[in-house]
Structure formats: structure tokens, C-alpha cells
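In the two assemblies presented below, subunit A is common to both, partnered first by subunit B and then by subunit C.
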Partner chain A sequence: MSSVGTRVLASLAVPVVLVALWWVVSSGSASPYFPPLPDIVEGFAETWTADRLRGDLVPSLVALAVGFVIAVLVGMLGGIVLGLSPRLRRDVRPLTEFLRATPVVALVPLGLVLLGPGTTMEIALIAFAGTWPILIAAVDGVRAADQVALDTARVYGLSPARRLVQVVVPGAMPQIMAGVRIAVAASVGTMVVANMLASGAGLGYVVIRAQQSFNILDTWSGLLMIGLVGCSVTGLVVTVERMVLGWHRRWRALDQRSA
Partner chain B sequence: MRISSPFPDVTRRRLVSRAEPALVVVAVILVWEVCTRTGILPGQDFPPATEIGAALLADLRGADLWNGIASSMSAWALGMALVTAVGVPVGMLLGASELSYRASYLTLEFVRTLPAIAALPLLLFIYGIGQQLTVVIVVLAALWPLLIQSMYGMRDVDPVAVATARVYGIGRARRFVLVDVPSCLPYIATGMRLSGTFALIFAIATSLIVGGQGLGAEMARAASIGDRPLLYARVLVTGLIGLAVTAALVGIERRALRWHVSQREQLQ
Partner chain C sequence: MSTSSHGHVDGGRAVPAAPHDAPHDSVTTAASGADIVLEPRHLRVTYGRGPGAVTAIGDVSFQVRAGEFVSVVGPSGCGKTTLLKSLSGLLRPTAGDVLVDGAVATGVSPSLAMVFQEYSRSLLPWQSVRANVEFPLRGARLPRAEVTARATEALAHVGLGDVDQAYPWQLSGGMQQRVAIARALAYRPTVLLMDEPFASLDAQVRAELEDLLLDIRAESGMTIVLVTHDIDEAVYLGDRVVALTHRPTEVRTTIDVDLPRSRDQVRTKALPRFVELRTQVLELILAERSASERTGA
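Let's look at the complex of A and B:
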């Protein structure tokens, strides 16, 4: 327990020191673009009133959540199907390679034209951006399934469906979660770009509007909020990862102890 | 029959494994054409494949698309050069000691998920619209994967190799060249692939949002004049460029990894 505490402290030290440094160095800043951090924090509290939170933060978070859940479901299902079938994987490979390599922002103008500005467009783009990293990771995870575990399950007479649920999917989970983490970055980034280009509300819209009205303090407040959202989502994903992969880590820890 | 000539069977299988994916692509284009021509997909939003192809050919003959590509790709190349120059040494330095690794890795894992594009409005104040802005965004977005991979590479240096080098009396500087750098290379190659795709996304996103010159700006222009076939054509070109960049970076990575794996097999 104490070792966990020390580790947390050690990893918190750098961010704390960096923020403290920023606070001290910027406090005398006269540069118009880099206002003192105390001013930014004050502006942050003024900018994000309950109204703004409801109007700009909540819609963004809802779109992000819905889009991300779709991405996880589609990515996992598609990845498992493609991972199980070598022939299907080979045949649709030109399509999956093309869609995965397409810079996802290229689809923002297309989404805008087809779906119009609004939540549907945002959700579709967030989902699309997040699907590919998860799908690719799931394919790799399924392909790398533990052959001994699979054979054991077969010998014990487990049906193919149960083998899939009890052996293949749990075995692919570490890779899938790694894909989910990459997908967070892709989804949040795409949301901000979509907001900046086309939305009448949302986190990206807040910063771009503040920029257009030359309000530097508001730009910083928006930036800070996007950073906080990004960190919270990553924190959430890391927590889920700990829960989902608890068996995996424990199992490995046990293995090391017995060795 | 099979014993006397196994080759036709093999060639046939190889042919099928090439032909089926190609057929899938042709089928998708055909289905698209039929659906748009018959009105299953509304024509004003989904132009037929032939019209997209015609728009693409016309666009390839003009200067706008090529200027956009040149502008975006030069920002990408310059940004990646800076990312490599900063990310690899800093990452290796942070990974070189247990303390600096412990202290920084969680911070870096969080920083890499922050959308660099959110800083665009602020950077717009400082740099204005232009190539400089795009390069700064590319560096901010693409630095982290390479830096983090370089750091992990240093953590994964084989302690036996280090001890062996030490026993043979090889000094720190030579050990760095003979042991540390080679064992980091596969990680650096993976980092280059991740950073390279990120850099491309943000090079395009920047010109998409602020305009000026670049592939993103060309797409935004096609969208704003309402020329759907042209928009689809330019999205297609962007996808193909993404594919080419990814293929090149994967090729580099595979080369670096092949060396790594063979080295390991020799050790075993």
C-alpha cells in the first residue's frame, strides 16, 4: 500500500511542479498572449458559469460519450469478427487499410455536408474516429489468442460460442484496452475540430469564438477546460482498464511470485 | 496430379488471395455507382463514382490541389524533422534513469491524449495564418508518441547486454552507440509511425479550420462552393496520401523490427 502511495506521489510531483512553475513565472508576465496563471484561473471561474456549463460543456460530453460507446461497440464487434475470419480479413483489407489511414479530419467537411451541423454529425465523427484504433487492436488481440488455452477449452468440450466469450475475448482485452486509449485521443481531437468548424456550441466552439473576438483570457479558459476534459476521460479509461484487466495483472503478479 | 505439379495450385491460391480483395474494391465502387444512379442514395449528397472520378481527374490537372498537397506535406516534413530532433533525445534521456522515468511517464501519458488542436486559437494570436502555425501545431501534436516510445526504448535495454559491455570495459559513450541506440531503434520506428500519422492529421486539420494554403483548405473550399464531386475527390486524395504515408512508415518500422527480431533469435 505504501509503495502504491509513493508511486502516486512520484508521478504527481512533476505536474504539480510544472503548474507551480507556470504560476510563478507567469505571475509577472506582461505578454498579451501569456497572461498570468492567477488571472487565467480567475477568468476560468468567470467564464464557466452554470449556463455555459449547460450550454457548451454538457452537449460536448454527451456527444463524446455516445460517440465513444458506439466506437467501442463497433470496433470490438468488427475486430472480433475480422480477427476470427482470415478470409474476410484479407478480402476487406483494402477498405479497412484505406479507412484507417484516412486522416479522420478529412471526413469533417464530408460529415458537415451530409449530416449538417449539429449533434448527429458530431456523434458520427467521434464514433468514426474512435472505431479504427479499437478495431485494429481487437483484430490483433483475437489473432494472438492463447492457443493452449483454446485447445484446453476445446478438449473440455466448450462450445465455440463459450470459447469465444470465455477464452478469446478476455485474452484480447489487454490489446483492446490499449486501442481504447488511443481512441480517446482521436475522439476528443475530432470533437474539438468538428466544434471549431461547424457547431454553434461546444468546447471547440468556445475557444474559436473567443479567438475571433480577440478575448485571450476566454481562449485560455476554454483551452483549460478542454485539457481538464481530456485528462478526466483518460483517467476514466485508465480506471476501467484497471478493473477490466484486474484478473490479468493479478494473474501476472501471482505468476511472478511463484516463479 | 497434386504430387507431380504442386505449383499450379499454389499460384492459383496466390492469385485468389490477390483477386478477392481487388474484387471487393471493384464491387464497392459498382454498388456505389448503382445506388447513386438509381437514387437509393440521394444524388445531391452522394455523387456517382464516375462523377467523382471525373472531378478527380480534372482536379489533378489543375494547380490548386497540388499547391495544397505541397503546402501540407512540407509542413508535415518540417514538423516531423523537429519532432524527431527533440523527441528522440529527450525521450531517451528521460528513460535513461529510473527516477526520471517514474516521475514523468504518467504526466506524459496524460499529455499525449490532450488535443493539441485546441491550442490552435491561441497560436493563431501569436503566429497568424501561415506555414509557421501549421508546423507549430504539428510539433505539439506529434511530439508525444515518439518521445514516449523513445523513453520506453531506453527502459527496455537488455541489462545483460549492458553488463556484458561493461565487463568488456566499453565506456559510456561507446556503450550508448553500441547498446542503447540499437535497442531503442525499434521503439523509435514505432514512435515515428504513430507520430507521422498524427502529424498528417493535424497538418490537414489546421488548414481546414483556419484556411490559407493546404489540403484541408482545399477541402473546405470544395465544400463551401457546394461542389460535391470535387469534395469527395479531395477527401479521396487525402485518404490516399494517408495510405501512402502510413505504408512508408510501416515499411520503416518493419525493417527496424525485422532487425530486432533476428537479433533476438541470434541471442537465443
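Let's look at the complex of A and C:
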């Protein structure tokens, strides 16, 4: 218990010190570009009124959630199918390599043309950005399935479908979850960029509009909100990962101790 | 990764329902002309094609009777694992076939279970010990209570009744292999195939598990085919020892182990007959090894 408390404190130490430093150093700041942190915090409360939360934060979060869920589903399913079929993998490889290497920012104009500004376009871009890390991780995870475990399952008469669900996919989960973590960052980033470039509302829109109207305080508090959203979503994913992969973490910890 | 190379279904042939519900008579049936439960016939396995092809198994035939403990030994690299894979149906032989309960097996048979050398890879690390033992049974349309009861019984049998909620990787190597043995027991196969099951365990644990295996066989009358490179182990455990040649593997000879059925790590191994038998097997294996060195195989 106390060791958990100590660890939490230790992990918070650096951020707390940095924020305190920022608070102290910036408090006398007269620069219009670097307002004092106390002012930003105050501005944060003023910027994020109930209307703003409803009109800008919620739509962004909804787009993020829907796009991310699509990315997880498409990435996992696509990755599993490609992981299982060397032929399909070889055939679609040029396409996947091309698409994953395409910066999602470059797709914003296309998204605008095809889907118009709005939530659908945002969701599509977020899903696109998040799919690739998950897909690639799932392909690797599925291909790395343990041959002895698979032979065991076959000897004991498990059908191909049950081997997939009970052996291959659980075995690939550590890699898939690593891909999901990367996808979170990519999705949040895409959400902000899509908002900035092509939306009339949303987190990124708040920041870009504040910047364009030289409202530096609002720019800062918008950034603060984006940071908070990113942290929360990552925290959520980490929590899910701990639930799904508790066995893996403890196994790895044991391995490292005995090594 | 090939989940689809060939199915596990046994071609729809009639398999006696729950072979182990009708217990094998007794362990003494082995000597009389009892039922043949497993029989590779002119088994041949070739890897690759053309000039680069390697014939791992040339021509292997032998018979395993119900209730018998057959040890299979051979010089290193003679394709023992390949043999076991084709016996189990995991590997389709290039030629020849395997009879299980008198019928030609066309894939893996529900009458066979297998214990692998790599216990830590054979057990699923994300499942508890109990779940690992139960997982082959869950697809078998058994009532839930039956699955639980079989797992409980099998785990108690291998002395792991109290760690069924642990993960396999929390256990020692010997205990993990016990879990794998329990999983095979709960499956109630007609024949238990074992691929060097104790090769990566230390000598003390190995002796423990050898005796556990003898106990299990004495109580259940299960037919066991154990592949090993350890000649002492082969003679100590077996009713018969099948000695293989080097590649391409054939059966060199079969030796009846005419030792008293009840074995003991100290006393059995001190018997003059045990020493004779192990010397006999060792000479065969060494002769095969030098033969393979001469031919450069």
C-alpha cells in the first residue's frame, strides 16, 4: 500500500515540480505571448463555459470516440486477417505500406471534398490515423503465434475458429495493445488537426480561432484542454490494457526479476 | 502460422465414445494379444521436394497394444519429434498411414492426447492452471459440471489440486509439466503421446515425474507412447523399447523390457537385468550414431 503510494508520488513529482516552476516563473510575465499561469488557469474556467463544453468539447470527444472505436475494430480485424494469410498479406502490402505512410494531415483536403466539413469527415480521418498502428501490430502479433501452443490446440481437437479465438488472438493481445496506445496519440492529434483545418467547432477550432483573433489566453487554455483530453484518453486505454493484459504485466515482471 | 493446413476432424470415422469410460482391463493385458490401439504402417515423411528433399522418416511400422507403455528411442536427430507429430496427426505423412483404434486416421484423432517438451509454450500463459486443463474439454460438448470434475480430478492426480487458480508461469518447470500431464489426463485419450516430456527438467524433478507417470498408468491403464533420447528413462518406464535408426529413420529393433512391473528409481535401476537392457539399447543407439557419421547423414 505504502509502496504504491510512494510510486504514485514519485511519478507525479516531476510534473508537479514543472508546473510549480511554470507558475512561479511566469507569474510576473508581461509578455503577451506567455501569460502568467495563474491567468491561464483563470482564463481556462472562463473559456470553458457550459456552452463551449457542449458546443466544442463534446463533439470533439464524440468524433474521437467513434473514430477510435472504428480504428480498433478495423485495425484488429484487418490485422488478424492479414496475419493469418501470407498470400493476402503479400498482395495488399504495397497498398498498406502506401496508406500507412501517407500523413493524415495530407488527407484533410480530400476529406473535406469527399465528406464535407463536419463530424463525418473528422471521424473518417481519426479512424484512418488510428487504424494503421493497430493493424500493423495485429499482423505481427498474429504471425508470432506460438507454434507449440497451436499444435497443442490442434491435438486437442480445437476447430480453426476456436484456435483463432482462444490461442492466436489472446497471444497477439500484448502487441495489439501496444498498437492501440500508439493509435490513441495518432487519433487525438488527428482530431485536433481536423478541427483546426476544416471544422466550425471542436477543440482544435477553439485554439486556432483564439490564435487568429490574437486571444492568447484562450489559445493557452484551449491547449490545456487538449492536453487534459489526451491524458484522460491515454489513461483510459492504459486502464483497459491493465484489465486485459494483467497476466502479461505480471508475467513480464516475474521474468525480469528472475533474469 | 497455419490454422488451416489440415483439419482436426477424423474423416467421420466411428470413434468409440469416451474411450476411457470403459476402463482398460488391467495393465497385464499388454503381454497377451490385446487390441492394437495405435499402429504406424510404413510411415514415411519427406520434407521438401526435388534434390533438396530430406527424408526424415524412411519406413516406420510398429504396434502399440492397449495398456502398453512404449518408449521410443533413437540417435540424436533421427526424427523422433517428426515421428510423434505424424502419429498424432499434426503432420501428414508423405506415405503410409497411422491406425488409431483400428481405423486409418486422417487428421488428429480425439483418441490421442499429447504432452510436449516445451511445457511453457504448450500452456496458455493468459489462462489459469485450471483453465488450461479445461480448455480442450470446453469444446467437447461436455456438461460444465463434468468439465470441472474432470479437471479437479486430473489436477489432484498430478498433485496440483491447490494451485489451480495460479498462472502456469508462476509455477516451476516440473509443476508446469504436471499441468500439461493433467490436461492430457482430463481429456481421457486412448493413447497418450509424449514428446521428450522431461528433457528440459533437472534430474530430480525428472525422476519424480517419471514415477508420477508410472503411477498414473498403473491406476488408469492408459496407453502411453513416450519418445525420449534418454536410454535409462526409456528402459525404466517402458514395457517395450522401440529403437530407431538414424535418418532416414526406420525401426531398428524392438526390445521387451522384462523387468518387474512395479519400478523403483533405486532398486530397478540396480537390477542386473536393467543394466543389461540399457546396455543393449545403448549399443544399438551408438552403433546407429557411428553408422550415420560414416554415411555423413
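Please note the rule applied: the second predicted complex is superposed on the first by the 248 of 259 C-alpha atoms of A that agree within 3 Å, B and C clash if a C-alpha of one lies under 4 Å from a C-alpha of the other, contacts with A are read in each partner's own complex, and residues count from 1 in each chain.
To be clear about the criterion, a contact is a pair of C-beta atoms (placed from the backbone, for glycine too) under 8 Å apart; a residue touches a chain by one contact, two chains touch by 3 or more.
Just so you know, these numbers come straight off a predicted model, no measurement behind them.
**Student:** If we overlay the two complexes on their shared chain A, which of subunit B and subunit C does A:Leu236 touch? Say first, second, both or neither.
**Tutor:** neither
**Student:** Just subunit B (first), just subunit C (second), both, or neither: which does A:Asp146 touch?
**Tutor:** Only subunit C; A:Asp146 stays clear of subunit B.
**Student:** Counting touched residues of subunit A, say whether subunit B or subunit C comes out ahead.
**Tutor:** B
**Student:** Touching A:Pro170 in the superposition: subunit B (first), subunit C (second), both, neither?
**Tutor:** Second partner only, subunit C.
**Student:** Which of the two partners, first being subunit B and second being subunit C, lies in contact with A:Arg181: first, second, both, or neither?
**Tutor:** Once the two structures are laid over each other on A, A:Arg181 reaches subunit B alone.
**Student:** Go through the superposed model and pick first if A:Leu77 touches only subunit B, second if only subunit C, both, or neither.
**Tutor:** A:Leu77 contacts neither subunit B nor subunit C.
**Student:** Tell me the contact category for A:Ile216 with respect to subunit B and subunit C: first, second, both or neither.
**Tutor:** first
**Student:** Determine, under the contact definition given at the top, whether A:Leu158 touches first (subunit B), second (subunit C), both, or neither.
**Tutor:** The second partner, subunit C, only.
**Student:** Thinking of the overlay built on chain A, is A:Val193 touched by subunit B (first), by subunit C (second), by both, or by neither?
**Tutor:** It touches subunit B, and subunit C stays clear.
**Student:** Considering only touches as defined above, state whether A:Ala20 meets subunit B (first), subunit C (second), both or neither.
**Tutor:** A:Ala20 sits against neither subunit B nor subunit C.
**Student:** Could you list which residues of subunit A make contact with subunit B in one structure and with subunit C in the other?
**Tutor:** In subunit A, nothing is touched by subunit B and also by subunit C.
**Student:** Quick one: in the complex, what on subunit B touches subunit A?
**Tutor:** Going through subunit B, the ones touching subunit A are 17, 20-25, 28, 45, 102-107, 109-110, 112-122, 124-126, 197, 200-202, 204-205, 208-209, 215-216, 219-220, 222-223, 228, 231-232, 235, 238-240, 242-243, 245-247.
**Student:** Can you name the residues of subunit C that touch subunit A in the complex?
**Tutor:** 1, 3-4, 7-8, 85, 88-90, 108, 110, 112-114, 116, 118, 121-122, 124-126, 135-136, 139-140, 167, 169-170, 183, 187
**Student:** Would you tell me which residues of subunit A are touching subunit C in their complex?
**Tutor:** Residues in contact with subunit C: 83-84, 142-143, 145-152, 154-160, 162-164, 166-168, 170-171, 173, 247-248, 250-251, 254-255.
**Student:** Can you list the residues on subunit A that touch subunit B in the complex?
**Tutor:** 7, 10-11, 13-15, 18, 32-33, 87, 90-95, 97-110, 112-114, 181, 184-185, 188-189, 191-193, 196-197, 203-204, 207-208, 210-211, 214, 216, 219-220, 222-223, 226-227, 230-231, 233-235
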